[in-house]
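So that we are looking at the same thing, I have put the structure below in structure tokens.
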């Protein structure tokens, strides 16, 4: 079945391969891996035992997919559940995804991304170069993280959240300790570059954490907070786009790339939803 | 022509190889690549189609040179122009350079550096470990970036600029949006560790952004700015070297390593220039 | 002697191999390497000339162990002393450790860690994903660094120190210059997420640098400092654990995972020490 395969590849037992799968050179595919139709694995990729990669997905060179959690040297008996990656993934070179997580459809990563075990990642999520998802997190749908974001364990990130470079979501109020409290970021919130969010903080929907903020208190809906420690400095509804002069927020009315309303605009998309969902997404422009 | 070659290498069609080129083990060199005289490629390197590497250059293990921009799974038909790297490059292991950029002579990188497409990088540039150049940037000559610097798209970095670890140049005034405004850093400016420069900001020549600054307003010549938000805190000409007690700035009078005035000092170098250039570089000590 | 070896491995001359050593696929082991009993080398690992790996150690896929310092293209004649790694190391995939350093027993790293040359690292040290140890550092025993920590050259980190994500220890008071002054972090100090420590600063024992601090003055024992620039904001002995309501500091009374007092508690451990050592570790709860 695997006809389009590079040189020096090593393929384990019981590997399931769909139609039109392509494998680059020097790949290592361990036992029980499942590669669905049209999967394209680039060079030097390692796919660990039992990992499942959805159709039309691309795995960049030097990636490790389904990495083992190494508790003690060589102990691979008490393995995590397998990694499952949905359809249409685009995982760029050098990334490491652990076993024991599930990733939805239309997933994208930059380079050298690390995603540890026991994470649940929804559909249409993008995680930038060098980002480090520490595991034991829940990440919703249509979440966008830019480069070099650090998501501590126990973080909860809702749908339609934006997180920009060098943001850290922390989790230990009195480090070092064994008592972790994750950050919760609500739908449509935006956390700008270089902000640190303290443990257990709630960042409410449609809020904006300004660049470089150190957030020590909960952020309310529509608030703009900034500074160290962060204080309320504005309301998102007061912010204009510098170039167009128009309102910039709530951003869902002004930005649609890779969003479900990409082809029709936000309000038309909301109006196309069922009544229950419509309530969830209703908001004054 | 390629006599000094490791084991398990895969060499494409129409590869041009100069004198005394050395290739490590497990390398993949795709079609139409050009390796000039004395190029040394270490182990496990992938060189994508058409990339050109200047003479006397070293490419560290596990690098990917001329990486494809992957728009859709497996689509490599609408490829970017090739990557061109000048002479005497030293690219350390684990770095990923995209196609569609040009890099001058005497280029150095640390490890795990990412440089995206459509970047123009001058001569004598050094980019530290884990730095992430997002593409669509212009970087001049004799620019030094330390580890873990993030250069957003549309950034413009002039000659003789220094950028220290964990600095981020941002580009979106109202994230998320489609309206980007890059940062412009002028000649001889210094941006110290952990600073965030807001979109569209101009950092003037010979200024110093202090460590941890969040820069929300343009920085003037010779200013020292610091804090969150950053304010003027001094003038560089008031700063002494703690150890020698001498003036520390303008730095060009006090630091010459890897600069064109390395062997003669700054003023003698300026005096050796033609009249037009001399004007550009004249400054009171 | 090397019976458990993957495919496509390349083994140099004079390699010493202990009992029960396992090598994955595509590994490159250069001349004079020493692999002690029960060492497990995963796939695609490069082990440079003369590196020595202690027994029961695990080296993750794609690591480079004993990397060369590349001064000029292809010059490997004036090599550094070899890298020595102690027993029970767990070095996760994608990490790069230079030659010319020594690493003690029970060492752990995350992924994509870089450790440059001329570093001395004690026993029971853990260094998180993407951390960047710049070399010419001294790191004691039982030091824990989380992800994405940057340790500048000339840093001195004592035993039992905790450093959290995105912390940078800087070293150049007037950048760029040739006059470096490293940071000194004393025993039991804690530096929380995203802090920048200015050059030459002393962070005293049992102090706590709060998240996002920019530390421009020495930190005293038991002080909590925070802000930009950092000021004293509390005393660690005033901080309670949010969840248990108990004192959180000095942390050695409340946290024991992977510490020498893990099985008995701090005071019992101190009481088990000899008289001289007991003095060193005595402290009021």
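Residue numbering begins at 1 within each chain, and the chains themselves are lettered A, B and C in the order written.
Just so it is clear, a residue touches a chain if its C-beta (ideal position, glycine included) is under 8 Å from a C-beta of that chain, and two chains touch if they have at least 3 such contacts.
Because the structure is predicted, anything quoted here is derived from the model rather than measured.
Contact topology of the protein chains: fully connected, every pair of chains touching.
Annotation: the subunit A:subunit B pair of sequence copies touches via predominantly different residues, less than half of the used numbers being shared.
One copy, subunit B, sits rotated relative to the other, subunit C; on C-alpha atoms the angle is 120 degrees to the nearest 5. For this pair, subunit A with subunit B, the centres built from the Cα atoms lie 28 Å apart. Residues of subunit C in contact with at least two other chains: 8, 26, 44, 62, 94, 112, 130, 148, 166, 194, 228. Of all residues in subunit B, only 6-8, 22, 25-26, 38, 40, 43-44, 56-58, 60-62, 88, 90, 92-94, 110-112, 129-130, 144, 147-148, 162, 164-166, 190, 192-194, 211-212, 226-228, 239-244, 248-249, 251, 254-255, 257 touch subunit C in the complex they form. Interface residues of subunit A, counted against subunit C in their complex, comprise 8, 10, 26, 28, 44, 46, 62, 64, 67, 70, 73-74, 94, 96, 112, 114, 130, 132, 134, 148, 150, 152, 166, 168, 170, 173-179, 181, 194, 196, 198, 200, 214, 228-229.
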